[in-house]
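Here the structure comes first, spelled out in structure tokens, and everything after it is commentary.
Order as written gives the chain letters A, B, C and D; numbering starts at 1 within each chain.
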Amino acid sequence: MNKVVSGAQEAVRDIQDGMVLMLGGFGLCGIPENCITALVDKKVKNLTCISNNAGVDDFGIGLLLQQKQVKKMISSYVGENAEFERQLLSGELEVELIPQGTLATRCMAAGYGMPAIYTPAGVGTEVAIGKEVRNFNGKDYLMEYAFDADFAIVKAWKGDTHGNLIFKDTARNFNPLMAMAGKITIAEVEELVPAGQLDPNHIHTPGIYVHRIFQGVDYEKRIEQRTVRS
Amino acid sequence: MNKVVSGAQEAVRDIQDGMVLMLGGFGLCGIPENCITALVDKKVKNLTCISNNAGVDDFGIGLLLQQKQVKKMISSYVGENAEFERQLLSGELEVELIPQGTLATRCMAAGYGMPAIYTPAGVGTEVAIGKEVRNFNGKDYLMEYAFDADFAIVKAWKGDTHGNLIFKDTARNFNPLMAMAGKITIAEVEELVPAGQLDPNHIHTPGIYVHRIFQGVDYEKRIEQRTVRS
Amino acid sequence: MLDKFGIAKRIAQELEDGYYVNLGIGIPTLVANYVPAGVEVILQSENGLLGIGPFPTEDQVDADLINAGKQTVTTTAGSSFFDSAMSFGMIRAGKVDLTVLGAMEVADNGDIANWKIPGKMVKGMGGAMDLVASAKNIIVAMQHTDKAGNSKLLDACTLPITGLKCVRKVVTNLGVFDITSEGFVCTEYAPGVTIDEIKAATAGRLTISPNVKQMDI
Amino acid sequence: MLDKFGIAKRIAQELEDGYYVNLGIGIPTLVANYVPAGVEVILQSENGLLGIGPFPTEDQVDADLINAGKQTVTTTAGSSFFDSAMSFGMIRAGKVDLTVLGAMEVADNGDIANWKIPGKMVKGMGGAMDLVASAKNIIVAMQHTDKAGNSKLLDACTLPITGLKCVRKVVTNLGVFDITSEGFVCTEYAPGVTIDEIKAATAGRLTISPNVKQMDI
């Protein structure tokens, strides 16, 4: 049992051009900052990224977009990113927009070994084009397939050497779903502890889903909309 | 917001003859002992019980069977119960046996608003008779429908007045899945605390799924196979 | 005529004690400020939180705790966190009692368009399609007309659809409109607004409820 | 010829460091006692536990902590608890590296029957159908013949099927048998057992590997 790697560089070592990656996070919350930096440094190209959002110009997946490493984004919402918009309008970047719940559930389906799921989201809209519609109990549903990703890259709060993960607050979001879904799952955590130090009742992602884990460094945790009351 | 009821009797007050109930637990582990007793006292009849197991002769769902309150069991494994066997062989009791993972996932599907799921469990067996078989990526799957239960009755370790639940160890099992799946969900807990006292990151079942909650009494927690080492 | 705060205030009258509520971005978010006394509602944020609290003070700000609009928030007592699949699972299963959304257009059969304008950069539907396809009670909060004065209450949406036959009620700056098999039914008019103004500003099928009254706000 | 402990011991040789393993009731459970030195495996219990530890001492006994056989157990360092849907989710998704099951019959195409005997009280399949339908590597641990001396390695199962074409290897009291397109391939024979005895005791298609050897146990 040896899942601990030295850092992001080792964790992403065999991610190749053209691969399909899942990246956890909602907005900039709970994103795998260290691994994104390592992917930029590695200069892998033509990536397909499944991620709810696409970061901002100079942070998160935006860093990969800046270097034109992304061929296709599969997301539910991709605002807040001027370079993204430029590449999209120029045809350099392909985008597939998916309802957020569908995106989440297609990750879960992969992790649960379910090849397809039914959801009413998108029935009657352009999202339904080309998809099978099926009626159950008088309501129409779309059949949507489980995702098939080469790597899932997630960020957790705490993790142990067996790969067990605990997420904090809304930084959980897509992370545990993607962790279940990757053929190979990489987890970067803020605090890595020896197996046995986390309460087994508090684990969000059991270690069976995690293949590589390391304690990340220098988390910026940028805030997109800093709203405060006085 | 008033989910707290005085006890099992009040919690099951409107469970009627002929209803479909989900009952949490695996074997005798994590079963809603108080509510089962209340159902016996209430003498409701012709129940359909969705539960992984059927208890033992004098504990758990076995108590309902003794009083002939159960019309049909939907379970994955029903051994360890002589009265059950007698009723089954005499035709008094109907039994539908379902693979355990299918049982669990059909509960989850109900809680997640998914009308049906695909699983390979049972393909080529008598479980598949009359069911739709569909091939995805070269592998056959059965389509199985989400359960539709009138009440889900679960047992948790800790709960709060908003209905948030935390389970302990393997007493979790089917409980959180059924909690999500009931039209009305009743939770009995060993310890009921005011909202705000449970760590929101440790909640297994968010309170939105729970309609009635009470602190149970006199838990016996009987052990089926007491195995020890010296 | 109502301003956006008035619209939010009127929608808040729809809240009942114990409701789980999802509030969209924009006017819907303001509804949280007008929860009636004695009514406790729990706000769902589809990024994985039940029990959204007020914005944090400076020293409470936590990058790991945001709402679906990516704003920093706090939690209330009894809150819980969960992943995005469970979040949309509870939405899909109809566990959320009320959903309040903004819209670009609403049709008199309940269709809604609120995610895409052809020719403009498409940012995505986020969770809107999941919400409108699943929520059992959807109220739309919006201005009655667009900036050019065109009605946003139509007989059919002209923009790409977000969901079909799902909106139950629309609250605009002019009034409150139930959506029934008869189309829009005006049940209340805003202070200072006449029925004729409402008729003039509405393109879809419109009937005036026999019990129509001025909004009590 | 092996006893049940010998069968378990031989199967333990299949374990690799870092394996997640599901052990069925009966002989499979015994495999946990023979994990080779230097190999760390994590045992999955389908009722919601990764990291099954040894049986508890008297004062460790906890009714809330049992295995799939309903026996009281303990946990190992790094264990985790989860619900039954996630448990079978990880099984279905092929995350469990090795599954060891008992069986009543195995066919030479990998079909397995291990849940029901017509005419007898049917207790149910429990998690067996999920396991055999999904596990990527299934080893069956069983006696080679039934009490009447009839082979349990057949050309086709006679009992109701649990799963199709799923068993990869069978370890019996007589030897080790891979299941290939050629049927059962004997790769090892137990100490004191002859190839002729194996041939006589096997009803399904059987070939003897050119590299067949005595079990090293």
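In the analysis below, contacts are C-beta pairs under 8 Å (C-beta built on N, C-alpha and C of every residue); 3 or more make two chains touch, one makes a residue touch a chain.
Every value quoted in this text rests on a predicted model; they were computed, and no experiment measured them.
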Winner on C-beta contact pairs when A-D is weighed against A-C = A-C
Key: Length of the line joining the C-alpha centres of subunit A and subunit D, rounded to whole Å   = 36
Ask   = Cα centroid separation between subunit A and subunit B, in whole Å?
value = 33
Remark   = Per the C-alpha means, the centres of subunit B and subunit D lie apart by a whole-Å value of 29
Task = Provide the list of subunit C residues touching at least two other chains, using ranges where the numbers run on.
result = 81-82, 85, 88-89, 91-92, 134
Shared-contact residues (touching 2 or more other chains) in subunit A = 105, 112-114, 119-120, 167-169, 172, 200-201
Ask   = According to the definition of touch, which chains form touching pairs?
value = A-B, A-C, A-D, B-C, B-D
Inquiry  = Touching residues of subunit A toward subunit C in the complex: what are they?
reply    = 26-30, 52, 75-79, 85, 88-89, 97, 99-105, 107-108, 119-127, 157, 167-177, 204, 221-230
Key: Contact set on subunit A toward subunit B in their complex   = 105, 112-120, 136-137, 139, 141, 145, 166-169, 172, 200-202
Task = Report the residues of subunit B in contact with subunit C in the complex, numbered from low to high.
result = 1-3, 110-114, 160-162, 164, 180, 194-196, 200-201, 203, 206-209
Remark   = In the complex, the residues of subunit C that touch subunit A are 45-49, 54-58, 61-67, 69-73, 81-85, 87-89, 91-92, 111, 121-130, 133-134, 160-164
Request  = Please name which positions on subunit C make contact with subunit B in the complex.
outcome  = 17-18, 20, 40, 42, 44, 50-51, 75-82, 85-86, 88-96, 134
